[in-house]
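One structure below.
Note that the chains take the letters A, B, C and D in the order they are written out, and that residue 1 is the start of every chain.
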Amino acid sequence: MTTNSNTPRKLRLAMVGGGQGAFIGGVHRMAARLDDRFELVAGAFSSQTERNLASAGELGVSEQRCYADYAALLAGEAAREDGAEVIAIVTPNHLHYPAALASLEAGFHVVCEKPMTLSVEEAEQLAQAAEQSARHFVLMHNYAGYPLVQHARELIAEGALGQLRHVQVEYIQEWLSEPPEADNRQAVWRLDPAQAGAAGCLGDIGVHAFQLAQFISGQRVSEVSAELVAAVPGRALDDNVQALLRFDGGARGMLWASQTAAGYENALSIRVIGEKASLQWAQEQPNELWFKPLNGPSQRLTRRNDWLSEGIGQGIRLPGGHPEGYIEAFANLYQALADGHRSGEYPVWLPGIDDGVDGMRFIAAAIASSQAASAWTPLHLSETEHIAGDAL
Amino acid sequence: MTTNSNTPRKLRLAMVGGGQGAFIGGVHRMAARLDDRFELVAGAFSSQTERNLASAGELGVSEQRCYADYAALLAGEAAREDGAEVIAIVTPNHLHYPAALASLEAGFHVVCEKPMTLSVEEAEQLAQAAEQSARHFVLMHNYAGYPLVQHARELIAEGALGQLRHVQVEYIQEWLSEPPEADNRQAVWRLDPAQAGAAGCLGDIGVHAFQLAQFISGQRVSEVSAELVAAVPGRALDDNVQALLRFDGGARGMLWASQTAAGYENALSIRVIGEKASLQWAQEQPNELWFKPLNGPSQRLTRRNDWLSEGIGQGIRLPGGHPEGYIEAFANLYQALADGHRSGEYPVWLPGIDDGVDGMRFIAAAIASSQAASAWTPLHLSETEHIAGDAL
Amino acid sequence: MTTNSNTPRKLRLAMVGGGQGAFIGGVHRMAARLDDRFELVAGAFSSQTERNLASAGELGVSEQRCYADYAALLAGEAAREDGAEVIAIVTPNHLHYPAALASLEAGFHVVCEKPMTLSVEEAEQLAQAAEQSARHFVLMHNYAGYPLVQHARELIAEGALGQLRHVQVEYIQEWLSEPPEADNRQAVWRLDPAQAGAAGCLGDIGVHAFQLAQFISGQRVSEVSAELVAAVPGRALDDNVQALLRFDGGARGMLWASQTAAGYENALSIRVIGEKASLQWAQEQPNELWFKPLNGPSQRLTRRNDWLSEGIGQGIRLPGGHPEGYIEAFANLYQALADGHRSGEYPVWLPGIDDGVDGMRFIAAAIASSQAASAWTPLHLSETEHIAGDAL
Amino acid sequence: MTTNSNTPRKLRLAMVGGGQGAFIGGVHRMAARLDDRFELVAGAFSSQTERNLASAGELGVSEQRCYADYAALLAGEAAREDGAEVIAIVTPNHLHYPAALASLEAGFHVVCEKPMTLSVEEAEQLAQAAEQSARHFVLMHNYAGYPLVQHARELIAEGALGQLRHVQVEYIQEWLSEPPEADNRQAVWRLDPAQAGAAGCLGDIGVHAFQLAQFISGQRVSEVSAELVAAVPGRALDDNVQALLRFDGGARGMLWASQTAAGYENALSIRVIGEKASLQWAQEQPNELWFKPLNGPSQRLTRRNDWLSEGIGQGIRLPGGHPEGYIEAFANLYQALADGHRSGEYPVWLPGIDDGVDGMRFIAAAIASSQAASAWTPLHLSETEHIAGDAL
């Protein structure tokens, strides 16, 4: 279990987005609080002034540090001696890129929601900015924060499965099976290309599934053959994604993401099959990981320090049998950022810019494939082609 | 529960294949025995004389009715007043077509293993023969025999799911994850194109998954985009199949069949998602069916007469909570054949020629798609194209 | 998997009870048929003449060998050269003892339903008769026929759990949660002391749970503290049994049997806890057995020859992942009887007289305890006390 | 989901116990932080000065407010204008009573670990103190904080199960299956009667199971027949408890608590059976609750606002499918205390003094029963008997 080393002081956190009625902003705040390594000091919570101020009041943020937008926030906080050090960006998709870019350029650490940007180009520009910055960029692929997901990744890296053959990942939900009510803010912006970008379900949850597949398998997707549909008539964006995958290490895979899967709540799951064994994990039962050796009994691993890989204990707060969940996994990313800030070493598993660039390439390639009758489409162009500027 | 009506006499059964060391022949015999509607009277169990005779002896079949091959069997039994009435064909794949064709032409009922033939052409010729015959042809898609599979089909037909959107089916096994021992007869012929045909895993289990998807959904697959691979190096046939599906009723789907899925025994499972609810069933837990309404609690249906669709009770021998398994489901096809023979009415769910023709078209289309970089490939050509003789 | 050795001929089986409308008789017949080692040649299926004859007709038993009662059957069959060799007794409880006693005395093998008799005294007299007979007596504790139950027993016998500490067993059903319909023959006799004996739920299913606990643990229950109730008002017999157990090997345990457990179908399950590991098995998922080592990942064992104890393969007909169920487990007892008859060696696990005597002692002790304010009550009196004739 | 109303300020929290190396203190702190309604301002974390100061430093508590013991803490904080308002007592058992009593008498709210005291007498005295106090006393029966546990309680209260018949509860762990290492502080004090009291496993987790059974069923246990053992030789206290229960509403039940259950981590589970339906919940899968109607399909309820009982939404932070766990349930008790402090109304489900008094009576009665050969022992003496001072 975590043994707290002395915590001299908390990191100062500011938030862009996450006003009243939003969902993920509140999760960020709980996650940041859980381990007592952050304090929320400022915010630009909403573009609507009233909502913005009300949100600040509720959250104990003073009126002076409640800003009209991210630009004002960055300027205001940069000017203070006790200014924020970390900016959490929890807006709809279209603001991720400009807010993150400006935050990095202004010298802040960034915690940013996915999808990282609206295009591969933006992603690459953000990557450049991050490289030039002395600050750390965390992309909120929160499912990587589950201890057993990290353990799965370690087991594969250590060769426990042998050569990988198949990677099956899916992320399915029912919540957009019907046209949403007009006042469902979370649903409305996700279905609007102006705010969500060119990818609907693909960008909202497909990219999580993609990241998880790469994260655990340790292989990168090189090509995709996809079909995107809007199962609910009249939608401008996809709500269902089906794809075949080829990985650079030779594995084959399939990915299914859906927001029209009646009967499923938040069913992200993955199976990785190797020549010697396979692994299976599901987000809705996150405290167990199945290790299934070829020709042997399947084993149910739980979140226990005595058999988890070295170093994963960092993110475990309770003994086995005491369920940890979504918030705890989320908090592990915040914890890793804070500990990294202090020690100067960020754990290799902490999702960041590279995940974001790959995620945007996956989105672009999947859309292109779907438009080209599911033709196999590469994610990573060769240097030459890239220079030639061919659009994905 | 089944109420036995008076059984005046048992149908006389002969078997082609199924000698010592085979697997599925023994299952057919147990299934035929279970409900006391058949007696095994003759066989051509093996092409090896000694094994053939030994098998007959073990099974209580007299030496005179133990034949060298199916042709001799059909001739000999046709000549007897008390000759066999039903021929069970349980050989390796390449003999299905000739044995079934000859059996039908000689006036026997047929129970045939899948895949029905080696090609679409053979399948269509067998279909013609079956149409011209007064006898019944049963294709052993045994998973259709599970009561809850039939109930799933009924629920969808009745509209309990609304318009179907997604069909996800998979059939994965681990048993060919490594090159088999030379004396593993069941494995060896399945990996030999001369006996198995052009499809490996695809023909052995992929076609079961395909049939189940069509059987339960009530929609037919119109196009497939597939990638077949041999995950174990050096194999002449596929051992892993990944495919995207388009159904004629508008649903989209995915199919995964694998015999290199370390950690999985006989994991056939299916999910059908509609606009109002979804269904989920897995062969390894066949006594439960999940009905998952949109925005409501999931329900676990079991094999109970009081809530199953009318007519499904036929194949139920035990009250809920008393597990039935693979043999019982298998036996339901034999039972349906025997009852159909007596009453003249065969249940609509009983798999037969149409399943076989579709299955062969699926196999042909999936192979063609895989060879064409996973291009979407239709299963059913228009009449004109067909006449033109374009190969799939 | 079973390799059939040459079967020269089937054992001739006669049945007492099991006429139309009965449940368990049909299960016995399917079980006896499954492996082709028995043929049903005679019966006294019902005390109602019409039902008796109709049952015989349905089952292919000739009118001459359809007898009015077990006495006539035994006389008639003993007089024939081709007479029955095995008598299956599947009547309501009160006839088990007289029919079994007469069958043994007349020189037949016996397969008898539980509870074996109505009293400890009857049980002991039957034990004496069995000892003096050259025939074999099988008590239909069918759950002992599941391969994984036998494997659990072997694992414990081999010491895989270390010293046993706790044995938790339960058998719960919902089907008597309400007063039954008058025409529910199976329910009506079970609730009638004249036919069922002094124990209701206790004798019908409690005794199965008791037998399973002793069978798997290898320890015998020495004392019981029980409370029996009729949860449904007005019942003459118990429908719910709760008991604490002390085992002669030092383990402690609990037993719950109920036929008023709304929401449960046929939920027999057991956990055995030792100092090094525990085992867990549930009848409704009979194809998996959990082995749970102290401080290690739980393992899911399935019904696979490659890891089951030597000799258990006898009763396995299918590879792992192909579910076997209730009928197959039941059939394993018939198979063991037939194979024992041929070889002269009956497997040690095959339930028989000893299970029956212990079962009746458990029933008597549980009733006595319940009547004495749940006082701890021994099952096995010392010789002296026994001679003294004190009633339990 | 929770909509935060304006939070003017946080409650000031002090902690007694919970220094470095302790387990539950850290959970209290995370729980108190999660919803931002508390700030930790003072503590007496350890009786060892060095550990005490180091703990304070780590937790951001100033040296002046780090006290030598609870008496000093209460005196010091009472004297400050900005003194603590709530005392969390997270010491070994023997200090619960004196610390809680003094805290109440000094005018603080109390959050206290279980078992509440070491005896019934202490419990009743504390009850008196609480009644005379204007402050609120929360007993940390944290499992009552799970939303689905509260929903189960509501369903039963509303009559969804009809008359209750059976209540089966168990809480089993493996962690004391072997003698603990000497430096395992959490284990050592639990096995020492001087610190733990007269009950080992019974007081540590048995009392949780007892509270849960009463909490959900809405019935109180009136009598118990128990057997306590030390399965590990040489222990002064019980590590395994088996009990039969009688409830004042007529239900019967069984309780099993064990810390020597190899293979189980923190397996608290409960089933409540009524005449119309039953409920089933297990702490290790806390995000699902099974509702099992008689003769109908079982339903899997999840933690979703749209079907949970009115008012339970208070403690839900995430949509269905996003797992909440142990910390979140724990936090719900803190949240309820804070909200109750503000509004003056504490929710009826919030565990407190009454749970503690009943828990101590259960412990006393179970020990007495075990010492009297499992005789049925009442929990609640009549007034007269009580006055007579008969020891339990």
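Note that in this section contacts are C-beta pairs under 8 Å (C-beta built on N, C-alpha and C of every residue); 3 or more make two chains touch, one makes a residue touch a chain.
These numbers were taken from a predicted model, which means no experiment stands behind them.
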Pair joined by more contacting C-beta pairs (B-D or A-D): A-D
Rounded Å distance between chain A and chain D, as computed from the means of their C-alpha atoms: 36
Rounded Å distance between chain A and chain B, as computed from the means of their C-alpha atoms: 43
Centroid spacing, where centroids are CA-atom means, of chain B and chain D in whole angstrom: 56
Residues of chain D engaged with two or more neighbouring chains: 264, 295, 298, 302
Contact graph of the chains (line, ring, star, complete, other): complete
Interface residues, chain A side, partner chain B - complex: 161, 165-166, 168, 174, 177-178, 225, 227, 229, 231, 240, 242, 244, 252-254, 256, 258, 260-264, 273-278, 280, 290, 292-295, 298, 373-376
Touch list for chain B against partner chain C, complex: 1, 3-7, 20, 23, 26-27, 29-30, 33-36, 57-60, 173, 175, 264-267, 283-287, 302, 304, 317-328
Chain D partner contacts - residues on chain B that touch it in the complex: 291, 295-302, 306-307
